[in-house]
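Per-chain numbering from 1; labels A, B, C, D and E assigned in written order.
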Amino acid sequence: MSLSILIWLPLVLALLATQLPARHIGRASALLSLIPLAIAIDFMARFKPSVSGLQFVTDKLWISSLGIHYKLGINGLNVALILLTTVLFSISLAWSSQREISRPRQYYFHFGLAQSAVLGAFTAQDLILFVAFFDLMLIPFYFLVGSWGSGERVRATIKMVIYTAVGSFLMLAAAIAAGILVAHQNGTPLNFSFSAIAHLRLSYTDQDWIFLGFAAAFLVKMPLTPFHGWLADAYKSMPIPAVAVFSGVVSKVAAYGFLQVALPLFPHAAHHFQMLMLLIALLSILWATAMAFTTRDARLVIAYSSVAQMGFIVLGIFSLKATGGQGALLQMLNHGVVTAAAFFVLAAVAARAGGSESMDDMGGIAFRAPVLATFFLIVTFANLAMPGSSNFIGEFMILLGAFSSHMWIAIVATLGVVGAAFYALRLFIGAMHNRVGGRVQSFELNRIEALAIAPLVLIILALALYPQFGLSKSQASVRAALAPATLGGSYAAAGKPHRVYTHTAAAASASTSNSASR
Amino acid sequence: MNSLLIAAAHIKGPHIDWASLSPVVVLAVGALVALLVGLLRGAVARQQVVPALSLVTLLAAGALEIWRFGHPATIIHGALRIDDLALLIDLICTVSAFAAVLLAWRSEAPRDAGHGEFHGLLLFSVMGMAILASSQDVITLFVGLELLSIPLYILCAAEYRREGSLESGLKYLIIGSVGSATLVYGLAMIYGASGQTGFAGIAHAVATHNLLGDPLLLGGIALVVVGFAFKASVAPFHQWTPDVYEGAPTPITAFMATATKAAALAIFLRFFDVALIADKTTWSPMIAALAAITIVVGNVGALGQTSLKRLLGFSGVAQAGYMLSGVVVATHLGVSATVLYLWAYLGMNVAAFAVVHANQLETGTDRISALQGLGKRSPALAWSLTVAMLALAGIPGTIGFIGKFQLIHALVSGNHSWLAIVLVVGAMISLGYYLKVVAAIWMSPAGSASEISGVPVPAGAAAGLAPIAGGAPEADRLPYPEVVFVAVVFAALCIIFGILPQPLFHLASHAGSALRGLL
Amino acid sequence: MSPTTWGWLVLLFPLLGTVTIGVGYKRWTRAAGVIGTGAIALSFVSAVGALLSLLSRPEHGRELVSSLWNYASSAGVDAKLQILVDPVSVFMILVVTGVSTLIHLYSTSYMKSDEGYARYFAYLNFFVLSMLVLVLGGNFVMLIVGWAFVGAASYLLISFWYRRNTATGAGIKAFVINVLGDVGLVLGTFFIFRHTHTVSYLGSFRAAPHVFHTDSTDLVAGCLLFLVGAFAKSAQLPLHTWLADAMEGPTPVSSLIHAATMVTAGVYLIVRLHPLFQLAPTAGEVGAIIGCATLLVAGTIALVVTDLKRVIAYSTMSQIGYMILGASAGAYSAALFHLMTHAFFKALLFMAAGSIIGAMAGDQSLDRMSGFRKALPFTFACFIVGGLALSGIPPFSGWLSKDAIIAYLNNRGGIYEVLGILGYVGALLTGLYTFRMIFRAFWGEPSPEARELEHGHLAHAHTPRNPVTGEEEDNQVGFPGPEHVIAEREWPMKVAMGTLAVLAVVGGALQIPGVDHVIQNFLSPALANAPLASAAHEPSSGAAWAGLIVGAVIGLIGISIAHRIYVARPGTATRLQQSFPAVHGFLMHKWYFDELIDLLVVRPALTLGTFALGVLDRIVVTGGVTGGVTSVVRSGGAGVRRAQTGLLRYYAAALILGLSLVVLYFLISST
Amino acid sequence: MTLGWYLAVSAVIFCIGVGGVLVRRNPLVILLCLELMLNAGNLALVTFARMHGGEAGQIFALIVMVVAACEVTVGLGLIVAISRGNLPVDVDKLHELNG
Amino acid sequence: MSEVLFFLAAIAAIIGAVGVVTLRNAFYAVLALVCHLVSLAALFLLLRAEFVAAAQVVVYAGAVMVLYVFVVAYVGGGEEVAAGNGLRFLGPLFALALAIELCIALLGSALSGINSQGAHYVLGFGTPAHIGRLFLTDYLFAFELASLLLLVAAVGAIVLARRRRGLEDENPALAALIAQPRPAYTGTMAEGAGVRQVLQALEETHGGVIELGAQPPKLAVGAERSGDEAQEQLP
């Protein structure tokens, strides 16, 4: 089955669903979203983890005069994230389907578009295609926030889009420049596919600024401090299902972009800016932790915790060690599940606290809702990366990677771990325990809420028992992705020919991808 | 008398390649016919037949332009060069005029000006553009420019009962004439320096007579730059643009915004990349600087606007800045990028103006706030405007993205990466206003829309459901089907060519290679 | 069955118990106690099975590893879901499951009227599971997992009565400090992993002598970080403050987690990692010093604290100080021996305290207790047994185990001799505070509650109040339960306490210097490669007996002083307080540790957070980065719009100005 | 006289026209000033035609003359329309469109 | 001789130009322009551009200026020279700067021709015959276009300035008002009463907002805003 089907199916299904009578759209969308999920599982099952190159490749020349390819493929870096995307979208749609939503046609259309865009961004194997999907993701979220959000939603959505688009435009410029400069400097025809760029040389100064362009886009999207200015408003305003998928997968696209695009394609720059990126990651961890300490807004606690987590992920990636990269990848998966679950739990809690998301209005909810409390607790423990959760393994490997590359940064970063314990638990206690809040009317988790939360909690538990799931598929790909950047400094110093390692890796991937595509 | 006859007998007119000239001829004939039919007394003849005739004329002209594609020819003693670049630009103008005619079908302007006159002038203007785009001689250039401008001055003021219309006409006329005079003086100086009026002659003279650093030539270039920049609304010569766009009848604004810009950019390309190519190192930094200024000024100026037409005016300024990039780099790639962007710009702006027009017809104003609820009133229009705005902003999947892509491509290849960065920064700023428009369409102010929070809303609140969005246009109420048609078609093209841009690239590259002597 | 199969069974039963109770919390609420106790009892049986099957193997084959599946095996990390069954872990699981079974039994009565009965047993079973993972885990990752799980279980049980703000506060405090410990373990693991490239115990131990030389920096750093973990878990200075607060939890919880099992995990850790600590004597010294300091500090605080449970809690800290001291010094078997006996008598003391608290209708203040001797004869007897064992009075178990540690220290010499002598000071304090507590609670005029109980009425508070703050309990939600229980009326409590009392008396018999060395012999296969555990470092039985006698005497002196102050001459305590107000205040404030931590850690963190939220984020991010750019753009826009006057002549002027500039440029670039 | 003088005169006239556009408020007079500018262009063209001895410049000048006439016609028409609409015949008072 | 003529013509042309810019009365300005045009024609003659000079006089000074005079008469030409704003000073300054730059550009050229009397004179240069031949051969296209341009201009002038029908039918009240006697010096074309003024008057008489049917609403805004000016012009 072609990957194109997987990535475009959500949009098509959404369009189909919108043709139904308004009251059936939600349920239909939720049910239909199981199809992409099934396809994603199928891909996952057929994926061969031992191969570092692409599998299930679709490669068509899209814009021939620019050498832009419509190239999709799966490797160890994105296979789990694709599954995560389909899962989270299914769950978000299920959650939405149980609620009355104004203008459902547009709502579900935007959801379908969002899913297609995210899947596209994960599978794209061409710079321009990647950029296109990356930007395309913005549109549905712009509408979802602006039309179905709460509070200052219009301002928030414009702020969000401008912030993220600033990054994406810089990335666009960088992507174009990358393709062109590579073509110029090697005298090859224009070709924007990752594999083509990866094994051609690009001068170090060009790599540097191009890398910064990509980094800007990714850092804003995640977001990391100090690029998080849009986060609070946007997360505050987003409808719950939107924020769940946004925080769950959209921010992962950025982190994934580092692994899939920035590091393998611009290894020297990645090596060059390693310290900068590590410091930004560290700053984010500490900053977001401090913010999460102090805010009374439950949603912002989760939001900032997710900034801190993204900080860890970047820390892992830019440790430029396989352990760190593996940890980062696992952590993307974990955090995607956990943060989405956290937002759904938050919605359930807010529903019991008179609609308020302020911790001042909560408290004592656990009593009549032990199941909810248990789920919340599991999510909380996972969120603070308690050992035994899969998140811990992620953080463990991230920190191990960072530790082996820059010991002190890892040690300082552990402050974030301790801080997470405090703010995550503070949120749990503030909501579920202590005296009963003024507007609280507690009731047990109902079927509708459980529809979204229970599967996620089950996934969290399953991952906790078997985090290897997130590691086993990716090892080869992560090594291949990081190797050039890890070597970045040494061969620069030795003046050896450029990127011998990737060349062989790319060749290997080409041969395997051929066999896989057949 | 006899001697005169003898003298006349000696005069042998230039050879005229009627095939190549045919689009221009068709336009002229169509304009005259429209003028004449407009004199008929019957209301049907005036109100339906005349627009129909102009549509036919434009279709014919378009068909002929397509026919001549790939058959470059220099005709009428070097007055015109009908090559792929010219034809593509002509086609833009023709399409734009076609859309303008449809938009104007039931609007105020043709009734006020008289249908025959209105359409006749419109066609004359298209003809002027066609000539300007293919002119190969400074005299033809100048006449073409005036033939383009003068009808527009009149059309801007067509709604004579509206103060804004008259004001915009007067402003356009006076500032335009200052621009023309400047251009004339500049052309005079270039003529003075080179002794030639043909572009090829000028190029030859500049290259061979060691004129490169001559103040006379450079002064002339300076004045010409300003004259063209004015037409293309390049900052700081852009100030008429927002005012005129706002004041002019909307169909005319739509036409002006797209077609004039195309013609002006075309002559920029043709004159600088053909006649003055030898002096590229001197003028290129200046034009690059102007482009940068334009990008910044246009985008920044659009930020706080409340009138949609004004906003689009400033946005047009900014886009002109983008498009100058192709002139700056002066390569085949640059030319094709500019042409490509012009096509993109046509699609995006016509779609946008069509919606503005429709909304104006319905609400009587072009305020952005009047867009509120458009998503409910007419989803087709709302989606069209949304697509247009996103395309203008350069979001992937739209033609605007492709256009910007190619411009950046040209700039980076032409060693003008810094301008590419400016372009990108401009695009970032532009989101600030494009998105506000989209927000106004879909996102009613806080409180009125039901919000999704954690609380399940009790069932039964679904009474006030919105009409189908993204569905078939026939589901919408259609007060002005032709306007909606234009909006939807152009918006759809923005998407289609945004996803499958290869044909456009193909055409644009033809245009790029039409200019010989470039890299 | 092989020992490892038994090991997995040991883990399986509590897991099943947790899940069964958790899933069926509504349907079989009342059965939760039985299920929970039964699960742990089965686990204990399995532990015995493991013991027996381990003993049936030859000595050199008593380190067995078994893995279920790859837990996190990638990119060089080789973490498996793995257990290590060796004498140390078997010893631990025996203690843990045994004591746990009894405490579960006790709890079935103690918690019977609590609304959260099922939840309680689910948590408690989960705790046992976690503790067993901790001790059975076969690699560092499993260790950390268990380590954190017990922390989580501890948190859950401390804030079991979650309507109490004090309970939730104590819970979060305990949790965060324990996470600090986890981080210590994680970083310690990193330091070791950096050189050994494996997370498995046996792999690391095997590699350690080859990759580390004695006291190499990374090894010492790693061991110190492990010690941080141990200190956090075992409530050693300066990470001890959570333990006293943890008394917010139900008393059986204090008994199980905060006395018998979890808090001793630090000791287990040091023993488990002894191959590493052997190579890092510096780390061992640090551990010993901290342990010694803790035993003294906690002992002094216990002298003045008036909350019954907190006295026992500080006593626990103090006793764990001995164990840490011993384990750090190398007295592994002695430390584990003391760990076991301490589990018996301290659990017993807590259970007995629970009985008194029941009689006091939830009041825990020693100030209001008195004269319960007659009212609670069984409890009194248990208290006496536990107290004597704790004070190290012959022939109770604590006497043999504690003095074994001190004897080892004195034998090792050097700085350890000093620490050993300080250990005797601690022994004096132990006798003093233990019997201060006993004398105040059981001697003197019977309190009203005691009097009523003598007449057969169990006191009930009209309005249940938080024992710490006096705040009225949130009674609407129904817990803690309205009924209180005493051991005298509940057979499960009696059975549990009785069993422990017997063990507290006879438990010491396992290892009597010169008589038998059951524990030492059992552990020796696991300690075979430890020079410090070799016979050379063990004190001779003569020296050991000398130490035992000295210890017993010191314990008796302590008791007699307590008797003098609280029984013979009532009022002495008050006089002392008035004579040394500074000392008393200092001790009452628990050496100001809480305040110090508050000042040094909590406050800066919160200030930083507030600063970050209020100032930095607003000024730097919103104001500077975003705001700066947007305001520049915005003001640019305003400028452009202002220039757009609508006045034609201005436009012309702008055009002309632009024209002159362009011409100027071209003129300049001419020639 | 050398041709430079003619050119100088033409430049001066051009700039007088420019100045007029900038300072006058009556659109009628502004149109006159535009005439000045165009005429200056014509003078330059004719001068250059003389200089090069080719007639292209003169042809151009004639065309410019036609254009000037056209612009004037349209401009005057506009002024009449403005005046009919009872709007002020003063460019400083026509600034409804701004910002 | 030619020098004298040049100076006379040049000075006259410049004076005429200055007159156009400075004279307050539009009518005088037109006359000054005529003077300028004629002087320019003389300069053209000196440059041997006979046909251009002739055309200048005939077309410009003759035809276009007449148009001017008519419009001045229709609109009324009284006007203050400049507004009291910065442009009054800056305008000439800008112009001066530009003049300097242009002179530098024109005279600084290294072209030898600038400092000469011009190219060698060829018989027939600039004569109508030559020009005419060129128009029919080399510049045929421009010539044809120029004629179209004139047509456009004519059409445009008509579109903008012609008398309209239909206004009366749309709004009887308006029509009646237009039929009323006009104040003096406001032109003779009845519909020239203009919407703004009519509205003003209507509002005064009817006292309220008027429905103007097909009138674009923008009108009302304009009418309201410039009410003061309209009042001044009404008696």
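Note that a residue touches a chain if its C-beta (ideal position, glycine included) is under 8 Å from a C-beta of that chain, and two chains touch if they have at least 3 such contacts.
Owing to the predicted nature of the structure, the values given are computational and were not obtained by experimental measurement.
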Can you list every chain that touches chain A and also touches chain E? B, C
What's the overlap between the neighbours of chain C and those of chain E? B, D
Return the chain pair with more inter-chain C-beta contacts, choosing between B-E and B-C. B-E
Select the chain whose centre, defined as the mean of its C-alpha atoms, is least distant from the mean of all protein C-alpha atoms. A
Taking each chain's mean CA coordinate, chain D and chain E are separated, in whole Å, by 8
Between chain A and chain C, what's the gap in Å when you average each chain's C-alpha atoms? 37
Distance from the CA centroid of chain B to that of chain D, rounded to the nearest Å? 26
CA centroids of chain C and chain D: separation to the nearest Å works out as 95
Where in chain C do residues touch two or more other chains at once? 641, 644, 646, 648-650, 652-653, 656-657, 659, 663, 666-667, 670
Per-residue overlap in chain D, given as positions that touch at least 2 other chains: 7, 14, 17-18, 21-23, 25, 31, 42, 44, 47, 51-52, 56, 59, 63, 67, 70-71, 74, 77-79, 81, 84-85, 87, 91-92, 94-99
Residues of chain B engaged with two or more neighbouring chains: 139, 143, 146, 150, 153-154, 157, 160-161, 163-164, 169-171, 174, 178, 182, 185, 189, 192, 214-215, 218-219, 222, 242-243, 305, 432
Chain pairs in touch? A-B, A-C, B-C, B-D, B-E, C-D, C-E, D-E
Give the list of chain D residues in touch with chain B in this complex. 7, 14, 17-18, 21, 27, 30-31, 34, 37-38, 40-42, 44-45, 47-48, 51-52, 54, 56-57, 59-60, 63-64, 67, 70-71, 74-75, 77-79, 81-82, 84-85, 87, 91, 94-99
Tell me, which parts of chain B touch chain D in their complex? 138-139, 142-143, 146, 150, 153-154, 157, 160-161, 163-164, 166-171, 173-174, 177-178, 180-182, 184-185, 187-189, 191-192, 195-197, 242-244, 246-247, 305, 310
Residues of chain B defined as touching chain E within the complex: 7, 10-14, 28, 35, 76-77, 79-80, 108, 113-114, 117-118, 120-121, 124, 127, 131, 137, 139-140, 143-144, 146-147, 150-151, 153-154, 157-164, 169, 185, 189, 192-193, 214-220, 222, 364-365
What residues of chain D sit close enough to touch chain C in their complex? 18, 21-23, 25, 91-92, 94-99
Sort out for me which residues of chain E touch chain C in the complex. 83, 87, 90-91, 94-95, 97-98, 101-102, 104-105, 108
